[in-house]
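Note that chain A is present in both complexes that follow, paired respectively with chain B and with chain C.
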Partner chain A sequence: MWETLAQAVINGLLIGGIYALVSIGVTLIFGVVKIVNFAQGEFVMLGMYISFFLATQFGIDPLVSLVVSMPVLFVAGVLIQHFLIRRVLGPNDMPQIFLTFALSLLLLNLSLMLFSANYRTVHTSYSDEAWHIGGLYIPVAKLIAFAVAMALSGLLWLFLHTTDLGRAMRAASQNRDVAMLMGINPNRVFAVAFGTALALAGAAGSLLMPFYSAYPFVGQVFVLMAFVAVVMGTLGNVMGALVASLMMGIAESLGIQFVGADSGLIVVFALLLLTLAFRPSGLGARRGR
Partner chain B sequence: MPRSHRGNAMIGDRKPSAINNAVPTKASQKKLNRRRFLIKTGGVLAAGAFGAVPLRGWAADPINIGALYPSTGSMAQIGVGCVAAAKLAVDMVNEAGGIKSLGGAKLNLIVSDVQSDTTVTRTETDRLISGNKLSAIHGCYASALTLIASEVCERARVPIITGSSSDQLNKGRSYTFTPFARASQFAKAQLQMAKLVSEQAKVAVIFENTAFGTSTSNGLKELAPGEGVEIVMFEPYSAGFTDASPLINKVKASGANTLFSLSYLNDLILIVRTVKQVGLNIAINGGSGGFVMPDFYKNVGKAAEGLQGVAHWNHDVNDDAQKVNAEFKKRTGEFAFEYAGGLVAQTFMLADALERAASADPKKVREALSTLDVSSGYAAMAPGGKVKFGPDGKNVYGRPVGVQWQNADLASIFPKEDARASLMKT
Partner chain C sequence: MQTSGNMKWLWLAIGAVVMLALPQFVTSSFAIDIFIRILLFSFIGVAWNLMGGYAKQLSLGHAAYFGVGAYTSTIMQVNYGISPWIGMIAGGVVAMLASLPIGWLCFRLRGPYFTIATIATAQVLMLIFLKFRDFAWGAEGTTIPNLGSAPLMMQFEEKSSYYYVVLGLLVVGLWITHQIEKSWIGYYLVAIGEDEDAAEAIGVNAPKVKRDIYMISAFLTALAGTFYTQYIYFIDPATAFSFNVSIEAALVSIVGGIGTLWGPVIGTVLLETTSALLQSWLGSSVGGIQLTVYSLILMAVILWRPTGLIGFATDVYHRTLRRKPARA
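Showing the complex of A and B:
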């Protein structure tokens, strides 16, 4: 019993790290640019395909291809922000919703056309490896993914708290209008935020590749969890999204283990409802605001 | 995002493609002189001016066979493989002299893309039948699509022959022929295979909570006691999960020695990989469909070795099948998967019926199919080795073959009569 429980928590924590990378991206964009990016999952998918093709064409390890997928998606993010998102920012939410939703549909169907609906898998020497400690096992690929995800989250935290640009982003996230009055260039801040969010999605894709299959619809599996985590961890709060993602991973795993194999999401959503009932603005909300 | 894959329609090849295997004329080998040149070009120009004139007496009219496969959309890869097999089969029939009772008439394949979509399947089947004089149709790989195409064919009174396994195809139909094992037979074969692994078969059944998973798993549950197989775990899961570890944790706790996973490809890949990671010693039966495709091995790699499944055809059933396999491999680079190989056999069944009907009329072809009785040649290359249709269009000798991934290839291991390799214990 103790063993099963511990194993369930380990499993949940490891997959929670991936949820975290996706949800941090969503929450960063929402916090700074104030739009919901429905296409975030599709950028994870693109990250996976980048890693897949680098691995199959050039034999580059998916984890190494992180250094390609992240910059590529960062640039894509900056361009999308500059040429598309910037033009629909305004008092009306609808064009923004339609834009990111359209972007999601476009990327989905483009990848269906270019890559077909087949599942693509990369084999690495550590893909099917696991460390066995006592009665527990820890899959190596997932552990690496988790560690890198946490390191990237930590770097993002440092960036947001120690650099001028990071502080400007946080300022814009807390109160965009006042931040602009203080002389912060919104376009620059928005572009960096969008680029960073997409780079994180790309990282998630590359990290997934050693143990998960790439296919055009793969992003949608992860983006649902990301949205839940963003709401649970308070909209726009990076730390909140991180903690909520890890909690959700564990909740899902415990749900599958002890409630029923099709009940993982039920437990996740029950947790969301409980959070909203007792802390309506989420886990990361500051008291007294 | 339902249906969004239909965006593919834009690039889909909607024009029916046809292969014509006209015999080269002797004249073309002779040296051309000016008069012959004028006669030839004049003829071509006249044909262009007055519409194509069929060259009667010169060669028998080709016999049109319709082929409905999803060569775009989510099932595209399999559909393309089916079309390759259909072309191979037609070439084989034609190279052997065509339909002799019709003056050596050649088969002419008319391929139509049903785009992995039920609505498109209906309109394409209609279009194919109304736009061409067809003698018979084959298709569509996926049961969901075949059920629709079969309805249209029944109404239009054009025989359809299919490798799809849904038992529904044998209900209230008279123009639908299914020469291979039915879905209900697959379940039984899977349970019997569990006993190959251990006399005390303890099976864990995990299935995705969809119509496919639920109906198939219930079939297994009902048949298990009769086969002397104990089901120790019976658990639905949500399709498209991110992590199979918790599920495999449960399988481990159940003490099962065989795992039946009724899953689509992506979930199955995750499940197999996770079983290896956990180091769980359990025989896995992945069923049919995506599991018995070359792509499965490419995705799973060495971890697929020893995995079992069921198929309605396998390339090692007999020498004829091996020949087809070799030719298919030459053309596509992959071994002939169950549906492709079965499709070649189906084409030869049609050729046999046409030969006996001595007519291209679809109703007469149906009559001839209903009295088909073969036990040798390409038409009979199936597990069981014999084809004869009952009144429900079901092959009375049809049975599935149990297969196992061995050395990157699918080997037939069950039942004894069809086994070409012994079970590899994992």
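Showing the complex of A and C:
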């Protein structure tokens, strides 16, 4: 019993690291640019396909292809911010919500046309490896993914707290108008925030590839998790999103273990609805304009 | 648009005659099918637009009510032999009741997080119907027993009969929207849509107005669910609670003209016609093409003409015919 429980917690924690990369991206964009990126999951999907094609065409290990997927998605994020998002920033919700939503639909359905709905996997030397520690089973690929995800989150934290650009981003997220008065260039800050968030999504995709299948709809699982984690962890808060993501991973894994294999999502949605019912104050209230 | 009263009635009368006569002249089953889809999604769009368009509560979870309506009437029909005409109203009432707790949860959030919460509620309902097999046939769903020609059970041999049923639904939806548009509630809704805090400050009871309009919107959406199930003789959680229903409800309104009476109708005509043309050119073999095109149209509308096709048409009308600047 205790071993099953501990195993479920470990499984959840490891996948929670990936959720954290996606959630931190969502919350970073929300905090700085003040929009919700509905397409965040599709960028995880693109990260996975980048790693998949590098692995099958050139034999590059998915973990190594991180150095391709992250910069590619960073640039994509800067361009999307500059050419699309920038044009809809303002007090009106509708264009913001439906622009990123349209982007999500577009990327998903383009992938469906280009890559088909087939599941793509990459088999690496460590895909099936696992450590057995006192009856517990720790898959190496997931452990590496978790470790890299935590390292990237740590680097982001350092970036936000020690560099001028990072400080500018935090300032812009706390009060955009005052930050602009202090001489911060909002377009530059927004572009870096959007690019960084997409780079994190790309990293999540590459890290997933050794043990997870790529298919056009794969992002939806992750983005739903991320939205719930971001609501639970208070909108716009990077640390909150990280902790909530790990909790979500564990909650989902416990649900799968003790309620049934297909109940992971039910547990997650139930958590969202419970949060809304009992802790709504800190949630919508922080939505500044 | 500033058409005079008499002109408006003339146009409406012409429109009514054309719509009523259409199935008598167009007999191809493929074409009737497209007309029915256009009318159905116009109606769902009209229902969505009450909430999403006028009050700017941008829901992406209207499939919840579509599914609730569909399941209520189907359970009543298959298990108890009750006519779907009664089931349709019952489904609407159940959807209204369901909208109360759902609204209570979702209205705690504003803007994009309201949208996400509505997605979650529709997904939860779908998962519930998938998971609890003894409740309503689980994932396999069920077929509706075919009784041949049974108008009292909402079953017809002629496709054109379905056309008239859904045309009737659309007329009801447009009439309700028109009544709301010119009443105080309509102004309250627009005020809430513009700025909820400011609306409350001048004495609009925003939570109550939003709750009421959400109930009406849910009721109408549920009627569409019953109709659709009767039309395709089949129900399962994936079609009844399909995310695509939620998406299309919002898309047709935004593309046509959000918060306008005819916007959802015009948007549906454009999107469904495009979709039908794509299907006849490319066949249904290319998965994803329909939504790829929809998303491109949606992006184009948002970036260049957020008031939708109606706004675009009004602009052109004023520029070319009236030579007057368009109203904002």
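By definition in this document, the second predicted complex is superposed on the first by the 259 of 289 C-alpha atoms of A that agree within 3 Å, B and C clash if a C-alpha of one lies under 4 Å from a C-alpha of the other, contacts with A are read in each partner's own complex, and residues count from 1 in each chain.
Throughout what follows, a residue touches a chain if its C-beta (ideal position, glycine included) is under 8 Å from a C-beta of that chain, and two chains touch if they have at least 3 such contacts.
Quick caveat, the model's predicted, so the values are computed rather than measured.
Enquirer: On the A-aligned overlay, A:L105 touches which partner chain: chain B = first, chain C = second, or both, or neither?
Expert: After superposition on chain A, A:L105 lies in contact with both partners, chain B and chain C.
Enquirer: Looking at A:N118 after the superposition, I want to know if it touches chain B, chain C, both of them or none. Which is it: first, second, both, neither?
Expert: After superposition on chain A, A:N118 lies in contact with chain B alone.
Enquirer: Which holds for A:A168: it touches chain B only (first), chain C only (second), both, or neither?
Expert: neither
Enquirer: I'd like to know which partner A:L265 touches here: chain B for first, chain C for second, both or neither.
Expert: Both chain B and chain C are touched by A:L265.
Enquirer: Is A:L84 contacted by the first partner chain B, the second partner chain C, both or neither?
Expert: Only chain C is touched by A:L84; chain B is not.
Enquirer: Does the superposition put A:H132 against chain B (first), chain C (second), both, or neither?
Expert: After superposition on chain A, A:H132 lies in contact with chain B alone.
Enquirer: For A:A20, decide between first (touching chain B), second (touching chain C), both and neither.
Expert: neither
Enquirer: Using the superposition on chain A described above, determine whether A:D93 touches chain B (first), chain C (second), both, or neither.
Expert: The second partner, chain C, only.
Enquirer: Which parts of chain A are touched by chain B and by chain C alike?
Expert: Looking at chain A, the two contact sets intersect at 105, 108-109, 112-113, 116-117, 260, 262, 265.
Enquirer: Along chain B, where are the residues that touch chain A in the complex?
Expert: Chain B reaches chain A through residues 1, 4-5, 7-8, 11, 73-77, 206, 209, 235-238, 240-243, 245-247, 249-250, 253, 265-266, 269-270, 273-274, 276-279, 295, 298-301, 303.
Enquirer: Over in the complex, which chain A residues touch chain B? Could you list them?
Expert: 4, 7-8, 11-12, 14-15, 18-19, 104-105, 108-109, 112-113, 116-121, 123, 127-130, 132, 137, 139, 211-213, 215, 217, 220-222, 225, 252-253, 256-257, 260-262, 264-265
Enquirer: Could you pull out which chain C residues touch chain A in their complex?
Expert: 56, 58, 60, 105-106, 108-113, 115-117, 119-121, 123-124, 127-128, 130-131, 247, 250, 254, 258, 286-292, 294-296, 298-299, 302-303, 306
Enquirer: Enumerate the contact residues on chain A facing chain C in the complex.
Expert: Checking each residue of chain A against chain C gives 35-36, 38, 84, 87-88, 92-99, 101-103, 105-106, 108-113, 116-117, 216, 224, 227-228, 231, 235, 260, 262-263, 265-266, 269-270, 272-273, 276-277, 280, 283-284, 287.
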